[in-house]
């Protein structure tokens, strides 16, 4: 197990290095610079370069790359260009809280409701329950979440006045955004769960368990769910990451100072250091998610054991 | 006991021995299969036909696809024809679904947009699946070092946020349908590859695969004959999610201002425009939303039907 | 094994829960006490900001949001009044020499920083030099270096402090020497880059300057009490402000809200006092007494690239310039308070003797679709019969895209010309323009100061740059240069009027589109909220509450 973890850690570092390198050079091919604006347009090329030189942006790209990497090795993500003179790491740390809370709530809620719905649908296959659940699931993926968010804000927030319209000030403020974000997750999970449960319920060991005389729910909980969880775990990683980027829309509608909006802004503003910082952050997060999925695989499905070799 | 014999006797009276004739054994015909041999596809089609929901969905999809091609010709307007005297007019006899802020006819734009969205989504989904299945299957089947390397590649690809790639592509190429599709495909197949890999890993250890291998089946036969049909369900479900997610990705691109170029329409563009106008011109949001929901519900029900019909494990 | 399994899930769950709880507790501290302050009788103003606050460092900042905030917590020698005329602020009076090149400012008594220290003439010298110095300057340094003697050389590192025409005679007297007579210089001193800075304080905070509300020293009507780039700012009345008895507002909250629909919902729920409306919602509120519109000194126009086919041909340019109706664009498509433009300089911009430039000059361009067709035919003959494929470059925000769609449809309808639209992010558009990679583009310019020169100096074309359409006309150039040195304001304005006419009518370098405006809703009890049409726009000093 120790060796396995060591190998994985080395792998993760190599992956991150490749991602950092790719992103860096891709990003540098974006036209413009962080200081583009109409007011600078009339500068001569010399004056422009002089201005860029102050930030080391006039050097050849590979020199900039090695400088950035050297700083990165020291744990320094550099200063933002757009949010002038602010360290990227502290910007990310400040913004991560709200996004993490909403994302986490959406995943937990979506997972629990989705799994329950999927189970009901599979258990009462081809009944009204099944159709009802699946219609909810389908509607969940058919309505863009910004439309849903706007509806919630207008009716629940403004017209009914139950929950805050926008801002990020108390726990209540996180409820509507979470709901808007959760619906899509519920839908995806419910469908996968139903599919897997239907399959698992036909396996021999389920019949054996039923033949032993175990009750329906005991069979369900002890044998079926556990096997049906495998594909759920697989799609969980991408869902978590897409929630974090996808929450951009929700964040801007509910006026939440999160990380999703920061990302799009930084790309549009050519804020190189922030793009890099966020990319590395997302990447590390995702790779960790994959690692956890792999480990969960081993825990949930005894037939799959992760070995150092892969 | 007595009664039984009595019954038998009565029967004997109705069907006397004279009515029967000995024909002897026909060795060659006893092994014959009388039901016509059905290919996998014919068999599936028979099953699908029995699923009402799936057939209705198929019908709805057909109508939407049909309208998306023919609908724009139902009236005299073209999708980019502006009329600045008639901006934001409510649905009426002249404009069945009203007009937008440029006075463009929404009926025409809706079907024009549906066609473009379907085009993007279906093409992106098909490419996703082709790349994803191949990649995932190879990765899982080969296992070991190959799998390890292929998984690292996936990690790298997934680790780079899609948005950077999409924006880069839009900067490099002229922004348009192809660019958006390509951007989606480049980042989209990874999920499919991971799912297929997981599934193939699971199947690899199944008894029937082992049996088939023991009987000397070739690798390609095992993959095509056993693995693929068994992953069919998961592939179709994912496909059904790829289509709406492709439509939504496109809508998201519109939301951040990198979608299709005006005056082209797509469901994403229309919904995004409608979202901005939903307070006062709700009809601009309602109709594209209805089409999207109808499409998604149908695709999903059809997908369920297809899975039930074609997935060998679902046969009863 | 089974028990283990569920236990692991449980531990994971609790762990993540704890983590996210930490994330929240931090941001929940800044919970607003809006209702409480209302109860205590304080006058609170709730406003919104349309995006994050990038930079509150007055020396380096460049964006409108930061300017809007800074303008209310800082003050220059002059401050613009409700009619956009500069009124003495930190300065009590000024003596202008006869050649109009030397300004002697006399500072007001009793002006103080928010820490109680006196604001002196040295604070201005320190700040202005800092804004010029190559190590510390931002991209707005030109707004000082263009006018003050020796400033440009200093900014290029070619001169010493002593050679710059900014001197503090004593604590109360500031002497400024200019390159040219600049009739709008007093207005410039109201701009953020001209605000003073306290040297001791700057040295004390060092790198941390303007990173939070405690690392700025204020001399304006308000001070910041909270500052978070992604959330917004809160302000309070500045007790050291010299004119405090004329400031009615006690507290101000300005929150970052990126969606217009959210703003409207917040306005209706009473959490905001003033919002800008999106064009979709204008019709609903047009008759409300809370509704109003304002225009800015920001002109939108088509910039033709004279270095690219087919716009190297005058007749084609002229045809395109006359083939659309700006009025349709402003009233039917944008519908947000913007005014149709038939010239470059926005109405209301200062001319001479209190008469606006636009009123003196009249309109330059009159759309005429018939004439446009004639020009097109003539142009086509000259270039050999056929137009090359034409692309219209535009930025990717809604307004720019809508404008592009409008122009595209009009060219098709009125000229029968097919144009495709190329959308790029803001910096992508600028980059394409700089790299000479466009045929014509939807562009804009917002005035830096209240004078025609802020526009007309852009197309001087020495050297001709792609960004300004590769335009170079010696006649135009000479007019602008001569106007710069002219001491007689009447003659000067006449030269500038002629320059604008050449640029638009004779050379058809630009096609005017509209003057940017916005439609807003404002609670009716709030009066005198001033929005200047250029520079640092928002002015909350004059706000009063109607009970």
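As written, the chain order gives the labels A, B and C, with residue 1 at the start of each chain.
Criterion: contacts are C-beta pairs under 8 Å (C-beta built on N, C-alpha and C of every residue); 3 or more make two chains touch, one makes a residue touch a chain.
What you see is a predicted model, and the numbers here were worked out from it, not measured in a lab.
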Chain nearest the global centroid, as defined over all protein CA atoms shown: A
A-C or B-C, whichever has more C-beta pairs in contact: A-C
Mean-CA-position distance for chain B and chain A (Å): 25
Chain centre separation (chain A, chain C; CA means) in Å: 37
Intercentroid distance (Cα basis), chain C paired with chain B, Å: 50
Multi-chain contact sites of chain B, meaning residues that touch two or more partners: 167, 171, 278-279
Junction residues of chain C - those touching two or more other chains: 261, 424-425, 428
Of all residues in chain A, the ones touching two or more other chains: 30-31, 150, 154, 267
Touching residues (chain side chain B, partner chain C) in the complex: 80, 82, 84-85, 87-88, 101-103, 167, 171, 174-175, 257-258, 261-263, 276-281
Touch list for chain C against partner chain B, complex: 260-261, 264, 278-281, 283-284, 328, 332-333, 335, 396-398, 401-402, 404-406, 408-409, 412-413, 420-425, 428
Of all residues in chain B, those that touch chain A in their complex: 53, 143-145, 147-148, 151-152, 155-156, 158-165, 167-168, 171-172, 191, 194-195, 198-199, 201-202, 205, 233-234, 237, 241, 244-245, 248, 251-252, 255-256, 271, 275, 278-279, 285, 289, 292-293, 295-297, 300-301, 304, 307, 313-314
Chain C partner contacts - residues on chain A that touch it in the complex: 30-33, 35-42, 44, 50-51, 54, 82-86, 91, 94-98, 100-101, 104-105, 108, 150, 153-154, 157-158, 161, 165-171, 174, 222, 226, 252-255, 257, 261-262, 265, 267-270, 299-300
Partner chain A, residues of chain C touching it in the complex: 2, 5, 8, 13, 16-17, 19-24, 26-28, 30-32, 51-52, 54-55, 57, 60-62, 134-135, 139-140, 142, 207, 211, 228-231, 255-259, 261-262, 265-266, 268-269, 271, 424-428, 430-435, 443-446, 448, 458, 463, 465, 467-468
